[in-house]
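Input: a single structure, listed below in structure tokens.
Chain IDs A, B and C follow the sequence of writing; residue 1 opens each chain.
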């Protein structure tokens, strides 16, 4: 994994300095860099386009911003860190007393060196973010010169989309937000993981098609949904990726449905990983799962995170920097998400062709490849479980859950049995009702 | 609440001395006093009327009763406390040795000053209840004169009924037993709470109609059910009120259905009250929920108590007196039951008119009235939950349960959203099936 | 129970010395002894008969086997203990160095005096089982003479079947494996318990018919299923009996359905026994429940054990001897299984003929036989529960579970009520849907 992790790390480091927002050249520049890795199509949606209850806003761009003392020294400098300017600040060039300026200054309480991340997308405003230490060096008796050299003009909202086609038109959607400036975990980590997943999935045949979205948070997802309603019925599974690079344990947040295949697959993989983790219920607050899981769509899309947004002190501050993201955490996020996708890819329904009594496994050589030890025992149990439950109603994930065995072991057993006369895959659409189907919670 | 509590206290104090039983003038006198507060209709059902498996019994009245020594001194005196006579004692006027008398004397073991409450409705008998101390003062060598000046004659069973009409013919039934003599918690507390609820509910418009029953235990409820079968289909919710004035925590006993709206609403209110409480399953023993929840009716009626009958030592003794009932407990019972009724009243189903993606709350001023702090956050979450789950299948209580937020907050959010174009109430009868409807336990 | 236990002990002791396998005269001899107790029919199925994926094997018989030193002394002697020969060993008469012999010698690690039990049914082989101590006395420099005087010839697979007819054609199947040689718990205990159950059930009228199978493990059950597919629809309940005589607590393994009546009845009986026990989920490994619960049949058959096969060190060794089986354990297994069968026999659905309000129990003398104390209270509760839940949808076991009372108490209440006008049994086929039927897990 070392190599891959390095790729994700390098991509994050390269994207880190760019000043992104929900629109503007920073987003375009980011998407162009991603195109060096995967063939993203870049979409440009004009300002003023109606998208459900929303309107695509004016495009924001910024060249420079500073607070100078009368001696002309930059005390707060956008060129040092783009977090210093409130995102979507209107242009301003003024001299002010500190007293007047204070309403436009934002700090992080309790962390004297940290600079907060602030936005004002839908209310015209301007402001500077700075550290408590910097603020302490300003003096009430002094005047300061300040400049925000930004523009808010009719333009476009930009986003990236990459459809990796599989055998089926049915899709898994993988979405990440790309609207944050120099914040590494939130969400360069998600972007890097999405790119790496796309590269990996492109290497082998796929049952599902995979659609990757690199969109500004909220307005980007809303825009994409508004312009792609016709294809939503194809989306069978999905993940929002956010904050996947910090040192915390993995958190999976269920879709609104609560028992979608992606919910069950992710919980299964985490359970059998042996690693500490948490699985939390859907709530209508968070990242773009809010839009995908709105009641008019109710898509089977969950959210993969490590530490949960808003619960760690570095969140939305300058401390969410390149050091906050760990190679081994990115690597683990990649491995776990690939394992989940593997479950989704191979979660088929089989039929035991010899359903009356056990078949003779020995004469078909099915005990062969079984080496000694606990593993041999588990592999034999996997064969027996697949035979016992493959009545045409239960998927491999159903079987893995009931057997309390890792999906991979169940899949290997199904593969071995399928190579004999004992098991065959059910055609989709001919599967029987799961006897527990009434049991499964639908919305929770 | 001070004022209200005082009213309940005063009513209890006024009713306390009256000698009630399942029939007789004590019941009539009680109902007349209640009529000073709410316009109860008094029903009189003749002795001998068949009510399902039962027959309205003869009417019992009593004027006086005593045990005197040979000196003519009243050693046990009905005029001091009406508990001294076994209810429904046949008339008797005799001289007896203590030995012969003993089978007709009842005391409370372990509490030398307490006098028990005993009845013999369906077996002709007579008896006296006295304290262990009183019993100890009688002598085996002595003869005693005893008198029970009672009558058992053809007459009537009396009960009170008050229908407070609402917008709908659908009803909530509130029932309490009125057959106990000088016992304060069991059930003057329930009577006083029912009267107070009726007064309060009469003050404002109501969606449901409320029917209040003041009935003798068992035979009264059976009589009412037998004579009102035609209207039972209107009863959508209900509560039996009993022992609601002692210092114990509130206990809610579920209806036989186990998941009726009243069961869910009461459990929800108790959970979010933060107060210690218990919710117990239905069992076919207790107060008149036994009749309302018999299998031929299976009405959605639960039982509200504080301490559970039979589990506290004062139960059915003279220690269940005016001091045993606490103002603050009555006040709390009132507040909690009003909150439950508020949930029932406002537990409607709404439809999100903008179900595709989140709407813009800001431009509709919905973030306005949100003040700072945890409350602001919860109110915003309530708005998001109502929008997310109002798909036409889920009631506000469903939403409050899933959001794990108090119903009041969810209702306030629904009200705020209904004042915009975003949410509208579903007409009853057009609601969609709840996706979890198969999940809900029907009988437990 | 002393007498009965002695019968089971005596039967086990008499069967212990016989050398059984999946075919052969040891099985026939065993069945003949069982015929002294119950009128078993002995079936003989010819070698080569196809039974689903399997073929009835050649018949194996053995007269003698030994390892002698050059002085002619028997160092390992089949006549001392039949476990000394690997079951189904092909005949051999050879002189060998210990080095060559070693691949055919089996011991129990860690228990120097124990001799293992080994088989080689479906792979032609031969071998000796001996203790570590015996093995230590052999010398690498020595040659040994060895003999297995066995035969593998076309013949028959023998099994026993006994149908004890009841009022109904519907059956309960009780199955035990009879293929193990001198192992007492596995499974002479199961055989003895099955015989005792048959004797006991024959003594009184039965609602169900009971079919007892005494079959070689796996191949015997498969053979019976293959030859009796037409009657499988009659099997409404069933138990596999295995290892029911050791000192461990009772373990019940659920059927594949997970909530069959037998599963619920067994769990109920164990719960109310107050004895430590465990109830485990079905898995497709174990004894003949593997065959009965294969997906093509999915019969409602669980497995009764005490200690679970493979989890106790004596399992499949000479330490599973007559001392390992305890009279009191056999007696307890008998009592518990009879109680479970009693639940199955009497688990009927009743209808309350007086479903509106409670009936008057007093006037029908139903409070009579109720003696004082907790028992009186429980018996009164049982009456009330039966009346309250007998709405034509709920069986006595449903009621016992919800009431959390022992089935026997619920049944006694139903009997007492049935003797009055208050309750009548529902005809089968006219029962209503259980309101919770959607709730019940079907496969787990």
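The rule we apply is simple: a residue touches a chain if its C-beta (ideal position, glycine included) is under 8 Å from a C-beta of that chain, and two chains touch if they have at least 3 such contacts.
What you are looking at is a predicted structure, and each value in this text was computed from that prediction instead of being measured.
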item: Same or different residue numbers at the chain B/chain C copy interface, by half rule; value: different
item: Copies chain A and chain C - rotation angle from C-alpha fit, nearest 5 degrees; value: 120
item: Averaged-CA centre spacing for the pair chain C and chain B, given as whole angstrom; value: 53
item: Of all residues in chain A, the ones touching two or more other chains; value: 438-439
item: Residue ranges of chain A in contact with chain C within the complex; value: 352, 354-360, 362-363, 380-381, 384-385, 387-391, 402-403, 435-436, 438-439
item: Chain B residues within the chain C interface of the complex; value: 51-54, 122-123, 218, 221-222, 225-226, 229, 256, 283-285, 290-291, 293-298, 438-439, 441-444
